[in-house]
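Here is the structure we will look at, set down as structure tokens.
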Amino acid sequence: MNRESMNRESMSTSTTANAIVSPRGGAGTSRKQGWSPRTESTLRIAAPIILGLIVLGLWQLLVTVGGVSDYLLPSPASIVGELVEFWPAVVSATMLTGTNALLGLLVGALLGIVLSAIAARWRIADQMSAPIIAALAVVPIVALAPVLNSMFGADSQFGRQAIAAIASFVPVFLNTLRGFRQTRPVHRDLMKAYAANSTQMLRSLTLPTARPFILTGIRIASSLAVISALVAEYFGGPRGGLGSLIATSAASSAYARAWAYVGASIALGLLFYLATLALERIALRRVPAGGSR
Amino acid sequence: SPTDGGDGGSADGLTEVKLQLQWLPQGQFAGYFAAADQGYFEEEGLDVEIIPSGGDIVPQDALANGDVDYAVAWVPKVLGSIEQGANLTNIAQIFQRSGTLQVSWADSGIDTIADFEGKKIGSWGFGNEWEIFAAMAAEGLDSSTVQIITQDFNMNAFLQGDIDAAQAMTYNEYAQLLESIDPETGELYQPEDFNVISYEDTVGGMLQDAIWADSERLDSDEAYQETTVKFLKAVVKGWIYSAENPEAAADITIGAGSGWGPSHELWMVNETNNLIWPAPNGMGVIDEASWQRTVDGAISAVNETGASPITAAPPASAWSNDWIMKALEELEADGVDTTGADFSPIEVSLLEGGN
Amino acid sequence: MSDQIPNSAIQNDQTDGVALAGAAAVEVRGVDKHFETASGIVNALEAINLTVAADEFVSLIGPSGCGKSTLMRLIADLDTPSAGELTVFGKTATQARLDQDYGIAFQQAGLLPWRTVAANVALPLELHGVASAARRSRVAELLDMVGLNEFADRFPDQLSGGMQQRVAIARSLAEEPRLLLMDEPFGALDEMTREKMQTDLVRIAADTGAAVVFVTHSIPEAVFLSDRVVVMSPRPGRISQIVPMRLGAAAGREDRTDDLREDGAFFEMVTEVREALHGGAADQPGLEARSSRGVDSR
Amino acid sequence: MSDQIPNSAIQNDQTDGVALAGAAAVEVRGVDKHFETASGIVNALEAINLTVAADEFVSLIGPSGCGKSTLMRLIADLDTPSAGELTVFGKTATQARLDQDYGIAFQQAGLLPWRTVAANVALPLELHGVASAARRSRVAELLDMVGLNEFADRFPDQLSGGMQQRVAIARSLAEEPRLLLMDEPFGALDEMTREKMQTDLVRIAADTGAAVVFVTHSIPEAVFLSDRVVVMSPRPGRISQIVPMRLGAAAGREDRTDDLREDGAFFEMVTEVREALHGGAADQPGLEARSSRGVDSR
Amino acid sequence: MTARPRLVGGFIWGLAGVMLIALLWEGYKFFGPADGLSIGELRVLPRTTDLAMPHLWDMIVRLGEPVTRADDALPLWAVVGLAAVTTLGIAAAGWLVGVVVGVGFALLMQRWRLAEFGLLPWIVISQTVPLIAFAPVVKSWGSRVEIGSFEWQDWMSVALIASYLAFFPITVGALKGLQSPDRIHVELFETYASGYWSTLKRLRFPAAVPYLLPALRLGAANAVIGAVVAEVSTGLQGGIGRLLIQFAGQASGDPAKAWGPIFGAIVLGLVAAGSVALLSVILKDYRRTEETA
């Protein structure tokens, strides 16, 4: 791996990725903590749920018994109450923001894959894109939102979708590029020995090798897309999405309602995350741990 | 808690007070900065910290949470908070009039609220939209008959035709329009280029910048009561200074961190003065009719999710003229004119970019 | 009769009774190969002369870094010689590659992890446009040959190392190549599996009549499999000796069964290759620091 | 004289003239080891009985999965037996580990890549609070022993595989353990380097007088190194035979030079172990699908 | 080829990439339709007006001009630069908090797998909560902290919010890193009867370095993004976030000015990520990976 790709790699969010995909037990963990596989898979599901319930319970207790006012800290019960009361608005807002995020994710991921294929193929394209990618990776959305609204018009959802696309593009690009560079010498030799042409090479080797990396990139991008689409709503454009409703509710101190919308946005982010995680799991099924070695 | 409001004191014997603004430092708040700059607070024995806010800070919540002693906020927004359980009192209605406009192009045919139907209507959201919904409700329109578009920090969306009628404050966004180049002429836009609907002239007009205090402390905390009167006295003096010395007031706000250019800042101070002065009942005194109009409007306004800022009239504790009256009396005793009888605005010419 | 030969001489190259049917499978004449690296030029191969007859089994043996893999890669046209001439069945190496005249297998099985066993074996057929029905029957046949038809639908990670290597061999045989190139194909296997695979390979080579060029580190393996063992020495990589195998009665491929491994003639040949190897090798093969991580092709 | 022994019988275990100085280095009595896995219980070891005398060199050999590594890990107290008793120098395995009675080396050198060669060898000394001066001189001594003092300041990735393995061996000897445990330490090396390392190991073991338990897949390696070769068979892992090495004149450790490898007695013992192995092993060792990727400890 | 010419080559090509984007901007601005290109309702290519896409030279010239016509006004670049330094300081504080919290969580989860099971899903979910939803809460709660002579400052709220974005990649990277030692190494330390802390110091932390470095770099970029967003959200004075809204508000009359803080934010992010990259030079010996012979 050359120096550049090393830098690239470090900039990507892939570390984030793999730890979550393959929470490791075996290596790096002492055998003395061994649970049977069944206990382990039970705990893996039960532990977070129990922890969540405990925190939720404490929170409710704090408000109902602890004397913290419901105005300062809305209780879970009142949040659920608002959620029920404003359910149609919650659903339509979630749909709107979700659609923006999904479109952004799809376009951003597609662009990321295509452009990284170009960067992987031509070194010059890689070097030329490097500063731009680096800049995109660090630019705060708040900086871009007003500009994009001016460029594409504040009356359409395009600005939000563009922001979600930019946010998704970066991790997909970086991970895919890494994936394209993972083909093993033995496989490349093999394809050459078969006198495979470049299309066959791409279809039979490069793409399948990169696939887990692409999917890891998409998974990282998924919740970013949601949060970006949502935050972009704070900066203009048509109303009706989760972001503008959170802002409006909070501005009138309707915090329980604001948190109901926040809850919906968490659920949306989680839905995106889990959907892409499932996709990744399916694709990773056949690739030995650590992607391709 | 840092909220001394009368019982704590700083090293030099002054009482520490925190005032939460509802936006960044700018001419809209010139009176408070002038009072600080001219030493009016100090004369009253107060050491006032003026705290600006940003996109997501809700000033009345900072007050309700006890983070600050007083807050500047629009009435309909605070009414919403009061209904949610905040215990706040309007102690001085600084702006006597609504400064909100809905601006459209001169040739757009949008001359009244009724013309909004089917149009793309801009608003900042964040609770600034209730006047629109209230005015529309009076015309029998609801939020589903228009498309509400959130405006960002500038008027580009309007200038580029993304929205048909944009929300604008007389003292700020309207000036932004007049500081922009018309690409067709290469010159700045002129007032004739626009149709302007002022909410003050509609049923939807609502009371805006008011000073809010903590109701409980007003009831029970004597030191806070004393501080409140002193504080209001200084504030009134600050606004009088701003009315009489708009240029100097503009310089003070720029010095306090406003990032606007000098011409825009001066425009803002001047237009803000226009919303305050003259004040026939005395500056800061709450006009019961205007209050009632605000409450009615807030009850009738319904946004696209079906939410209203308030569903019922606020408690009586939501406003009180006691404190401002006391302050005005003391000032008048000193021979200060608190009605701005001879106030007259100045002429401000805006330069490109407000610079 | 393992006489030390000068590097340039190849007279005894074809003296051991192997009948030449048409062109030789591989013909290497005065081939050099240099690599340019960050730390200078590496002379991987120098003055290599070697002829492999059309149904001959030739092993390359020598210490690490002596250029065995490099020579094999030149034959496979995965690299080009710096000097000299190299033909495969009388054609250029490139033409032979394009014509798919050889099958190849490496130390790592190199299976594509996302393909099933059957799909891995089918890969070369697929790439060369063999119709799907023909492909299926050929794959079944090949898996039969390596004893894996029960595992056709498994994925590589569900197989043991030995099984993976068999799949790779089946794949290398898919297009009935007249030449098999194998670079330490059994290097990663344990001794017992390895012996089994050797026996299988001898059988398969006999069945198909293909020529084989086989790289190995194991002397018994080379002896067991080969008609001739080419002993190489490093820095620069040269052929230091070519040892023809004289295994008495068990010289025919079909006779090379496990019994041969306990035969006196076998041990004799092992000793002979051992001596050839030690005669030509650097004295402390392990003691040299690797020049650079990148170049190790394993 | 490699008689088939019943698994429970260990009579001939100590009959080959090795003088017992105090407690045996390793004493394994009726040990079983089961693993619980997702797909059921694996009987890795069953009814294992073995005694290793205090200066004896014992090799474990057997097909993949027969439990060699597991047995070694039990001795090292990296795992605990499911049943039976196991003592090291008369103490429990845990106590022996805490007392640092053994040194250990694995198939992979397992050097810490961020430490220099010297710092890697110094690691156990550092962990046990040896003063820095003493540490330095001991490290120099050890690197001398494995012939690597010139490379003290290199990092592992700058060394060849053989050199890395020597560093690992130096590390395992750092605290002069009376017992060396080695799990296929030469498995990844090429044949020639491997022979060199074997010769070195025999010398080092003779110098230090340590007992050695050595896991290998290579019959010649086991024969060359060992006083006794323990042949194991899988499913469940058992000791199928223990073959004492009778290498004639070259039986003493100091006499095991490279000449031994071409000795008739050597080939005889190789054949004997081969037969023991084939007698007790499953017939198709390569043909079993790996149960799970994770458990292969290589 | 040695590394230096390649680095220089990369730099030149990178510059060429930036030039290409500039050329595309101006080229499109010249040839593109003033109102952009719409497909149906959706504008897919931006408007080319000076309002939406100012000339690049205007942006550059604007940087050199005084920020306002006031007598003592500094040039725009100086104002942006000062603000960027302020934000960098706050982001650095947030990053440090993120490092402490992230590594702390990672240690906890590495030590007890139950903690990993229980916490990790929530840590993932935490990142789907829109920052903006709780920025005011942080500010409000922070303002009530007063311990002795220590009084909570507003910039600390911003730093805390920045740390919320920074801690995530660091947690995940550190966890993966701490779990990364090969089983062979863990067991080696076990055979040395090495205790938890000693193993941590000599094995787990060194082994975690290659995972930590990219995570720390990602954390730095995130800290900057978080700081900027929190500045916007809480209205903190003096930083680049404040300038972003301030100048966005002036973009109708002075479109080029709004780009000043955007460039500032990008440079800021690159500097932050770049300074962490310096760490990897210092720790280069820990980036050596094990070579299996």
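Think of it as A, B, C, D and E in the order they're written, each chain with its own count starting at 1.
Note that in this section a residue touches a chain if its C-beta (ideal position, glycine included) is under 8 Å from a C-beta of that chain, and two chains touch if they have at least 3 such contacts.
Here's who's who by UniProt: A, E = ABC transmembrane type-1 domain-containing protein; C, D = ABC transporter ATP-binding protein.
The shown structure was predicted, so the numbers you read here are calculated from the model rather than taken from an experiment.
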Mind listing the chains that sit against chain B and also against chain E? A
Let me check something: if the centre of a chain is the mean of its CA atoms, which chain is farthest from chain D? B
Of the chain pairs D-E and A-D, which one is connected by the greater count of C-beta contacts? D-E
Using mean CA coordinates as chain centres, what's the chain A-chain E distance in Å? 17
Distance in whole angstrom between the CA centres of chain A and chain B is 40
Chain C-chain E separation of Cα centroids, rounded to whole Å: 53
Rounded to the nearest Å, the gap separating the Cα centres of chain B and chain D is 84
Two or more other chains are touched by the chain B residues 55-56, 58, 61, 65, 152-154, 156, 160
By the touch definition above, chain D meets two or more other chains at residues 78, 157, 160-162, 189, 293
Touching two or more other chains - residue numbers and ranges from chain E: 47, 51-52, 132, 136, 182-183, 190, 232, 248, 251, 258, 291
Spell out the residues on chain E that touch chain D in their complex, using ranges where they run on. 182-185, 187-194, 198, 202-203, 206-207, 209, 285-286, 288-293
Touching residues on chain E, where the partner in the complex is chain B: 47, 49-52, 67-70, 132, 135-136, 139-140, 143-144, 146, 151, 231-237, 242-243, 245-254, 257-258
Chain C to chain A touching residues, read off their complex: 73, 76-78, 97-98, 100, 102, 104, 106, 108, 110, 112-114, 123-124, 126-128, 155, 157, 297
Counting only contacts in the complex, chain E reaches chain A at residues 3, 6-7, 9-10, 13-18, 20-21, 36, 41-44, 46-47, 51-53, 110, 113-114, 116-122, 124-125, 127-133, 136, 168-169, 172-173, 175-183, 186, 190, 204, 211, 213-215, 217-218, 221, 224-225, 228-229, 232, 241, 244, 248, 251, 255, 258-259, 261-262, 265-266, 268-270, 272-273, 277, 280
List the residues on chain A that touch chain B in their complex, please. 69-72, 86, 89, 93, 145-146, 149-150, 153-156, 233-240, 244-245, 247-255, 257
